[in-house]
């Protein structure tokens, strides 16, 4: 059966056969880095195009349709434009921080790629504290945004960055609690364990009510964490023109833009892993025939399908809802999401102890 | 009850959001509702209303004749000085002197398409045409002479 | 490098300790044009808003002093470009009143139908733009789909989509298009079937409601004192519909309700406009089948001369009361003309209703004031 | 109230006022010094004129005339108050503490006609740039660059 698993083992065997172990490991690292960077580039292009197409169809428009068949190369053209644009640095800005900020945001995205299982046995680093690693690293991106807002020497940027700081710090909590419910159900922080625990059914089905509530909370929280509408206060267009990246142009702006989409991809990939079984095909109890048919679909397709479904969901939110106000945003977290997720965690703990889940 | 209110608030809020998502989801799933007009491509089938006020033109018939007597009513009616009528005296074969237009200069860049000149014209010599693609590379090209070269006034129009 | 104190000579512009002065506009996504607001902030809270106008001031009042009574009507289309037809109507009414010109019934009916269509088109655009101010992009396109049908009707009959100039003193410039009634009826059917979309997407949306309810509250006394008119004042419970109080054309023959709300907040202003669209549909439905046959323009002299004196007319535009005040010396051009534009008075209330609220509330308050900048600047 | 009653009432407020009934509404011409008390009495007295719907100035070449259109939301009766000002030294007291809408309208008249409103809280240019010279809506205003004579 075609699978990414075969390719990785083949490459690894070949490298270890030809070279000594240290060199082989170094070469593997280079390959992984190259793959990660190219995945970034491709994901950026695909997701931006997807966003524009989804937005267009929701808004009864056609969307980009000039460059290439069906507008396929529109984002490539946009990228070329952004690369060729002059990157302006405002006068009296803190040049070092100003230049550093987009890279900080970008690096956080790259670090988060490590524990994600893209397919069966296709994972960069199966760390045993995977979930903890994800929640700790993902909150680093706020530093990049604060840096950008402060260094720009622009009042709009500063306001946007401050909003973003308050927002990410608060929503980190309920995202963490939503993830914890799955950890409670699985009993492990390792992502491969979590995926394997969903062999005979995904958590969203097996964990029934608390898992569904956790999933809803998780989607809301990560939408806020990635600064997407209806929580896009950090770059609220009608209020702060472009928020923290008002002063950025050219390639630096492109990095922020790319990082936004990479972050969406990562949070959706994690959501898919936790609630929808990652690369695990859809298995229903003891329907052997059905399960076998599902197994024939490659695990990478399952993973990507689930992730893109969640991405679509988040895009759907963006093009439907108005934006919240800054105090309502914090109200929503502290008065609604946090109590509900605490209660949900209690519920899930009871269920896990009594073994009420399937 | 506080808890009851709290729960109903959450449920109502979420259901109102879902209603909105159902609407946008409907449009996403029904590409037939798309209303985009692909303008430069659909030029051939683009329907402009026949009354659309795009520019002032002077219709000429097949004998290269127009109906303008050079009375300057349009020039007086124009609020912006868009139209300038340059008249000359034509000598008819019988030796009678007759006023006629030399040039009806129309400056498109000043025109606001208010249609007052067309209403003012006593002999219906000018009218509005539905052409709206006016962009040119040189501003001087926007100053047009509406009567064609060698044209003359149609017989019987005073 | 130069230091900051050299650039900013007048430090009073910087605001006091703990204050942040930001210039919102003249190019800003939410000001819908070239409005310049100097906003003094304390964190996220607004302390003071000071509008600076004039970025699109064309001195229409001065221009009109050199235009004849036939010509000056077209300029008014450029004031409040979203209700240009109603502006034109106001000016034509003034000339007709001053010279006692008889207007045929057919022209009156068509003028009113087109006025109401203009009002719906203006409110549709406002609805989309206001939702966009609050961060919802999609309703804009749905609203524009219906608005497009109106502009098509306008294009067929008036020959222009925005700056119509279809009205001349004494009637209409030319007769209505043969398809006019059919198209208007098609629009009414379409509008009625789609109006529930706004309710799903905007009105009932919990985020939208929490963004607008209790935001930018304007009391009835303040609304009158600030000279607010139109939906802004009606949302505070001030009855000020010129169509009801001083009926012009055939508004006294049709049945419609003056929409009044009492809350005076942004949501009330929103609801007034949405309900007003339905009332406009009601007016059109009553008139569209009953357009009398006959002339479309009354008899007028070739050269219009207003007698010496002062004249004032008012019409209800989509934004409120438009007053046209003309001082005539008896010539062919006005001696002095003053447009009492609804937007100017509605803007003056902005500091009053938005001070003390958050930046996000400013968008809701400003959006529901429905500002059209050329109308304010003239 | 009939016009006669209004005349009587205003005469009691401002004895020097003259009246003109040729137009649509009753025109009252008061002395500039008398304007403020008259207006205040019209707002708070038995007339209850709470709605100032138009405030402007007219340049009659010999003098400037301030025109105030007043109405009430209760009885809907409108009157016009006028005050003639000297062109060289146009000074009048503000009414923006009576009707808030006057604040912006008076700022507009200030820059367009050069009328100085005493006691106005914030009399600055609203529409024109700060260093603009001249009063554009006065009849003798000339701007050879931006004004095109046809």
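A, B, C and D are the chain letters, set down in written order, and residue numbers restart from 1 in every chain.
The rule we apply is simple: a contact is a pair of C-beta atoms (placed from the backbone, for glycine too) under 8 Å apart; a residue touches a chain by one contact, two chains touch by 3 or more.
Remember, predicted model here, so these are calculated numbers, not experimental data.
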What is the chain whose Cα centroid lies farthest from the Cα centroid of subunit D?
-> A
Comparing C-D with B-C, the busier interface by C-beta pairs is C-D
Inter-centroid spacing, subunit D versus subunit A (mean Cα positions, whole Å) | 63
Subunit C and subunit D: spacing of chain centres that average the CA atoms, whole Å | 25
Chain centres from averaged Cα atoms put subunit B and subunit D apart, in whole Å, by 42
Which parts of subunit D, given as residue numbers and ranges, touch two or more other chains?
-> 150
Which subunit A residues touch at least two other chains?
-> 58-61, 319-321
Among the residues of subunit C, which ones contact at least 2 other chains?
-> 138, 145, 201, 205, 207
Subunit A contacts subunit C in the complex at 55, 58-61, 92, 155-156, 159, 163, 229-230, 232-233, 236-241, 319-328
Residues of subunit C defined as touching subunit A within the complex = 4, 20, 22, 28-30, 41, 44, 131-138, 140-142, 145, 201-202, 205, 207-208, 210-211, 358-363
Residue ranges of subunit B in contact with subunit A within the complex = 10, 17, 20-21, 23-25, 27-28, 31, 33-36, 38
In the complex, subunit C touches subunit D at residues 52-54, 57, 59, 61-62, 66, 221-222, 224-227, 229, 238-240, 245, 309-312, 314, 321, 323, 325, 327, 335-336, 338, 340, 344-345, 347-348, 352, 377
Residue ranges of subunit A in contact with subunit B within the complex | 54, 57-62, 65, 316-317, 319-321, 336, 340
